[in-house]
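In the part that follows, the structures are each spelled out as structure tokens.
In the two complexes below, chain A is the common chain; its partner is chain B in one and chain C in the other.
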Partner chain A sequence: MDAQTAGHGQVFETEVLIIGGGATGTGVMRDLALRGIHCLLIDRRDLNAGASGGNHGLLHSGGRYAAADADTAAECRREGDILKAVAPECIDACGGLFVAVEGDDPEFAARFPEHCRAAGIECKAITPAEARALEPCLSEKVVAAYTVPDATVDPFRITLENVNHARELTQSIFLSHTELERFVVAGGSIRSAICRDSRSGETISIHARQVVNAAGAWAMRVARLAGCSGVKLLYSKGTLIISNARIGARVINRLRAPGDGDILVPGGTVSLLGTTSQTVDNLDDIHPTVAEVDRLVAEGIAMVPEIAHTRFIRAFSGVRPLLLAAGAAADGRKASRGFSLFDHESEGLANFATVAGGKLTTFRLMAEKTGDLVARRLGNKQPCKTETTPLPSGDAIRWTEPGFAPRYWAARREPGGLILCECEMVPTSAIDAIVDNAPGAQSQMSLNAIAVRSRVGKGSCQGAFCSLRVSSHLYDRQVYDSPEGLRNTRDFVAQRFKGVAPVAWGEHLPQLELAEALHCSLLGLDHLADDRVVDDSAQQAPAGVQKP
Partner chain B sequence: MSTASQTPTRIIDFKTAARELLPPGASYDACLSCGLCSAGCPASGLEGMDPRRFIRMAMLGMNEELSTTAWVWTCTQCQRCKYVCPMSIDVSVLVGLARGAWPTEKKPRGIVRSCEAQMRSPGTSAMGLQEEDFVETVEEEVASVRAQGERFARLEAPIDKQGAHFFVNQNSREPGTEPEEMAPLWKIFDYVGADWTYSSKGWAAENFCMFTGDDEAWRKMVEQRVAAVKRLGCKVWLNTECGHSFYTLWKGVERFGLEADFEAGSLVSYYARWIREGRLPVNADWNTQGIKFTVQDPCQLVRKSLGDTMADDLRFVARRLVGDANFVDMAPCRSANYCCGGGGGFLQAGMKELRWAYGKRKFDQIMTTQADYVLTPCHNCHSQIEDLGQHFHGGYRVVHFWTLICLSLGILGENERKYLGPDLARLGL
Partner chain C sequence: MIKQSRCHQAELLVIGSGLAGMAASLFALARGISVAQVGNSGVIAFTTGYLDLFGHDGRSFVDDPWQALLRLREDEPLHPLANIAADDIRAAFTGFTHALGEMGLGYSAPGARNLLALTPAGTLKPTLSLPLTMQPMIAAMAGKLDTLVVDFIGLNGFSARELAANLAPRWPGLHAQRIGFPDMDSGAEVYAEVMARALEVPATRQSLAERIRPLLGSAQALGLPAILGVHRPDHVHRELQSLLGVPVFEIPTMPPAVPGVRLRELFETQLPQRGVALEPQHRVKRLELGSHKITARLEDAYGEVTIEAATAILATGRFTSGGLHAEPNAIRETLANLPVVQPKGRAAWYRADYFDPRGHAINRAGITVDEQWRPLDAAGKPAHPRLFAAGSLLAHQDWMRQRCGAGVAIATAYKAVECAAQTMRYTSSAPPHFERT
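And now, the complex of A and B:
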């Protein structure tokens, strides 16, 4: 084994190596751990770095797919019910509305209840006046409305809980910033995965009996590294924008064929307006554009007129990894939202599996099917337990929920408890809990990592102040002990800027100006020397803070 | 405040209220989280709150916490937050709304009782002073001033004089507890030959109803006072050395859309005018000892009402009275001044420890000036700053403008020196 013989680098042994720290990969990790299996999960960046972090957190009732894809719709409904039962703390069962406005196809609206019935989705017709009574933000031009059991899910918390539970069950390990470079294949199986720690540059060799590719949009690349070409994905970029405050109480869907700006999803204390769909070839440098934001706002106004005056604080983009069936049209809107499990046996590998496609709502089912295959291959007879086993929470993994930190603060009233992030009211104790014990805490818990595990940087200042306060705290705690911490801060705010720039108008523009004055004029972060080891966040961030 | 009660607290939707009550562009939505408000708010940290937190909690939908936090009674609604806010967001409006939603029996008793007394009294006195008591006290005190000698033998303090130019109001504290403190003001009016009158109705210069958050009560107070001015047909409603009584009428007329065809004037502006016109020839010749003075800008009069024009007048009068070399400003001051903690009903609310904690910032400011005296044309500032001095052992004194004006003019009577120290107790007698 080359890492050992070379005498450098780390070597890990595990039963199952899982590639990809999104909802699916962490779901597989927990599924297997519940069967008593030790796993090692790696991600080239961190948890939720792909589509699992770049989505609107909708727990689909299935209503969105009722008309076009009854199977996916029914799957969404069943999985939504399971998640509501096993992870209620991650879910806001806020309900949803489908509304048609003047000019929308009346026939599409009229057939909606029928499609829902076919998929088993509870759907009730209400009058436009009743809809406006439920959601005063709705347009006067609403002509048809139905209620559906839509809900929202905190995708960050659910992955954190998955990883945390797997750690508790079988001491399974998560390694962030671990990029797969190649597989060592021999005798029809993967013998080892050769990875690189993108922060230290060190080589990491992982020996596993089974390898699961749950790399989301990157699954096709990973499969190719194993010499498998059967996984074919369509990359569909979707952009969303986040409002400063929650707009509607429920999920509000436009009752028409899926299109831009047709869904407004509450995210605890904010709302997310989405989603665009654009087929892309390249997974690198995915970021929201002004044109996309304009389209979202223009379309969103038809349902919710106040969107015209709403302060949006950030835009973000994700890439939907959609399965490209042979002969299917290359249209992200029409591609299946279903998932596939590839066992790669026909491609000559006995210990490799790829799970691809699917949706956040159905990640558990994807993990179950993958877990069944992997367990069978390992000779493990334990059945899947994720359908009924509640996801445990914990001190270090409850800070991603919008509104939790302020409620926690208000209930405790710690007189000396300093709040580091004022927008989201994240106290020092939360940062300490994350640094000490959140998944990934065995390596350095940077500002970026803390932001993934909390609401830091997600409020109206978008990291202008909290980035500095949290970084200072990390230096105080000696988590940071070199200029690297400051560079991490710079990269963090530069990354935030990419999301803020496309929504920089009206009341949000002064915020951006203030951040620039603070970060560039006062601190000179844009002139920070760039001599450092390769950091994956550098691929996301520009060399310096861009000026508007 | 902690009285057990069955009345449920009304929960306000602060985010919606902010959109309705605040002007476009200054809603809570516009908050930059910059913290200029909380950095300059003496109530920051009390009850774990500060203005930015109030805004953020509103945006996060924490309506129950905001509807029940006692912090709203420690915020004096001084509006310094609004003054420094780059987006002009006013937290005090929502604090007023929150106060109003508290069940009456849970509100600080002192503020509620003061408003109730005002509502019962045709004079609108928070001390419940009745019309006949006020009239009698004034008459007795007039007799006593006339007895001081020939200079004031014909001094008058008219009551209900129809058509007088100035309608002068009177803080209840003087007729109620220290009537001799009314005399210096009368002497000033006599000196400049002002055509003025008190009124037997609506005479009082305090309005705790605004501080209860009860807009209706605030409105009633203002209506009664406006009617009292109209009844006598006066041209100018001249507000005594008091901050909030000026603001409540000045702002109340606009807020409630009342018709008031008279000028709302501050006594300080008229002091300045009379000095400029040479009718009040004050000077600092008496201050041979180099006694140092600073001035407290009442938030209600300066920042919340007349702005830096009033601050200029205050300093003009103060410098003339004590001498440029003996005048030391606090920093910050004028419209950026810190509230002392006497406003908003805090003095009457019975929350002493919190009020002292709030006032510590003001105390430190005063101590930095090394002033021997604090001049302030506001009764709440006066009481609070005096109390802070005693509590923190400041050693300074607090004095009304009228005292120094009469001292400078050589007409301050022996029993009108309650607020002067031994250094000035005998000066000019």
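And now, the complex of A and C:
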């Protein structure tokens, strides 16, 4: 189903339009493709640009919710088991610990095993000494400890695999940088979605039989564009920080009511300390702050004292789209982690559905329920197959895995090729595979897009140095052919900086200083001409050229 | 290995081996002052070789740095360069580039205007002086000459195509070609420093010229990444030009790069030959500011080293060089525990936008000095009568945004040495005996 050119814009036809390229949207895409349905997925930015890319990658055992929300806890446990079976390459089944330290509520700790039992979560009490033997980083002040089957998941890998699989199954399409502007509604259904390519400014019209709103935190806005006001979300900003090296072998949770700095999650070669919770009204300009970082560190030290001296390489924030039940208190910590599927039929639309709330751990289930509704509406009788069908990997989508690139580099048979990202050992061949064939490769592959699809920019330099080498390579390959490429690099490092500045102290500060010297003093990225320079010698020589 | 403690004595101790420290040693030598110098010369390898004086005034790139410095006296009276007479700055720059030339690394004479020099990305950087191996780029760009830029298979981060694409609007006659470097063309990574050393061998220059010659076509000039030798770049440059028959110029590569390695190796070989007791790979562990002498203690592979001097210049640089250290919420000076002028709390260090043209507050943090370039203590008095400071450690300047790194280093080193020399004149005790070990 190719794009046709009509008037000034492109026109696409598909069976199902899915809005939102996070875990849920891509999950719906794959779910439907497994039923033989063609989908077109759009995102206003790129894959995992929202909460799916701004989380700690925890595959919940359910332990975190066992006390407050047994249903969500049980759902997490079941979904965790399914994902471990169908996508083992995306998951590190590292296990988890819940620990209470001196001063934590002993009642809360004592009731934990009972809550886990009720949710069917395997939970074993161990002594503080045993806990410290498992995780030597734990504080001497641990007073109670339990093991749970927590795991971690690479949210980028799983999203890429979803899109890649859907592409293989039904030639489904993903369009990045495609922002929904309005729906054309007539006769009780959405006839088309009018979008804009945010890079070219071009209009894109999409005709679909069914429309799925999986826009995460933006789902309320999308629903309103369709005239539906039933979707009500609470926006809860969460900030996390990433350490330079992995701290614990397992997920380490604080055994108390959820609060700041109560979880330390390993992510390959690093660890993530989270998470703050702050209700926000605005989804734009969400960035970590120094105050949030300081709070995470101060709280994290209680469980793991070495956090006081840990080098952190980056902070980042995401927005949890939490379902706001009627009359519920606007408290992000207490709002439901469950999800809802809105069929919008009572609001007069027969081909629109919104899936909202939920968690990364439960994205497959959210996709299943949405897929069931959409398939039924399309008269498709195929059952959901995601519970048992393994996710296939591929050459272009395996580069997000920490440690994969160095193993690949060490095992390569042919000499030659260069390492473009030294922190994460990403070679030119990885960039080439992504540019040629990763999901989204049909549109221009910028540095940002490559970063989403690989480890580029995720190591200790945070892209300060590798971004320049990757840019040069993109110029060599003629992916870039004008000053626009360098502006793209400037924007990439400016974006990474927002996460680096709040953790810049100690050993990390020299790195940031060196980066600024390179970006500004040497390369002049702080004063790139935003317009193409006119060929006018009088004007172009602000620093008049001296005849040597 | 038998460890042995040693003691050097000198009239001046220079702490730091970046551009400011090296300039201070050269200026002191020129005044006949005996010098001991300690530093871990890491960051000098990150220089491009360009010597900028003052290149950006916060609004636009600066054409006439001397005019801009006059305005700086009004706009930023605390800026180190606003407190040095233009004649002193000119004498410092001229003296420094002249000394480099004498030691075998030729530089263009600092002039009245800034030059616009090429960066590896194809942007332009204002600079007052540049190595002779790079100088022909100025005329080639001014004349928009038909110019070939050659890059190399396996040389990471230097793309002639990138350079040409970014320069195309102002230099349409620039075009790019990629070749293999002689005997290093397997496709594996090649390193600029290795290529530079290889080009010191005449046969390699010959092979390289043979590879380039057929590509020249109508080109009137040739650009290459900075690989024209480490120790005799001017010679390598001249030889390659005569082999090819067109002006050849170097373009800096991503640091750490050959132009920085040249400066480091030049200083490390030449300064000791000129009598400086140089400990180039070490940091001072402890600095004792006694009433009669200043004592620095460190340890090298052969044991403990003590340096005693009548005067000292602190040129330890900023965070990257270790002169400043950032605690989570405070910045401190690492060697003499001098007070650091700084924004209050980490949240005030950086602006929200990385490329905010006003720059980040943390980059103007540093130590303050009196009119004699002596660091001030918490009471606002000189921390020691014969301790001076120079270089990027000084507060109230943003060398990265103002493109004044070399300017601050060279001009403040000149003044610090001048002030140190003045105190020697009035020191009642005889100058310490200078020993070379």
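As a working rule, the second predicted complex is superposed on the first by the 522 of 548 C-alpha atoms of A that agree within 3 Å, B and C clash if a C-alpha of one lies under 4 Å from a C-alpha of the other, contacts with A are read in each partner's own complex, and residues count from 1 in each chain.
The criterion applied here is as follows: contacts are C-beta pairs under 8 Å (C-beta built on N, C-alpha and C of every residue); 3 or more make two chains touch, one makes a residue touch a chain.
Just so it is clear, the structure is predicted and the values come from calculations on it, not from any experiment.
When both complexes are overlaid on chain A, the residue A:221 reaches neither chain B nor chain C. Shared-chain residue A:460: touches chain B; no touch with chain C.
In the superposed model, A:289 makes contact with chain C only, not with chain B.
In the superposition on chain A, A:377 makes contact with neither chain B nor chain C.
In the superposition on chain A, A:385 makes contact with neither chain B nor chain C. Of the two partner chains placed by the overlay, only chain B lies in contact with A:423; chain C stays clear of it. Once the two structures are overlaid, the count of chain A residues touched is higher for C than for its counterpart among chain B and chain C. In the superposition on chain A, contact is made by A:510 with both chain B and chain C.
In the overlay built on the shared chain, the residue A:269 is in contact with chain B alone; chain C does not reach it. When the two complexes are laid over each other on chain A, chain A has residues 415, 419, 465, 510, 514 in contact with both chain B and chain C.
Of all residues in chain A, only 287, 289-291, 294, 297, 415-420, 465, 468-469, 471-473, 475-476, 478, 480-483, 485-486, 490, 493-494, 497-498, 501-502, 504-506, 509-510, 513-514, 516-528, 532-535, 540-548 touch chain C in the complex they form.
On the side of chain B, the complex with chain A involves touching residues 15, 25, 29-35, 48, 52-53, 56-57, 59-62, 65, 86-87.
Residues 46, 48, 55-56, 60-63, 108, 111-116, 119-126, 135-136, 138-139, 141-142, 154, 156-159, 161-162, 165-166, 168-170, 172, 178, 186-189, 252, 254-255, 318-320, 322, 325-329, 345-347, 349-350, 352-355, 357, 360, 363, 399-401, 403, 405 of chain C are the ones that touch chain A when the two sit in their complex.
Interface residues of chain A facing chain B in the complex, by the touch rule stated above, are 244-246, 269, 311, 402-403, 406-407, 409-410, 413, 415, 419, 422-425, 459-461, 464-465, 507, 510-511, 514.
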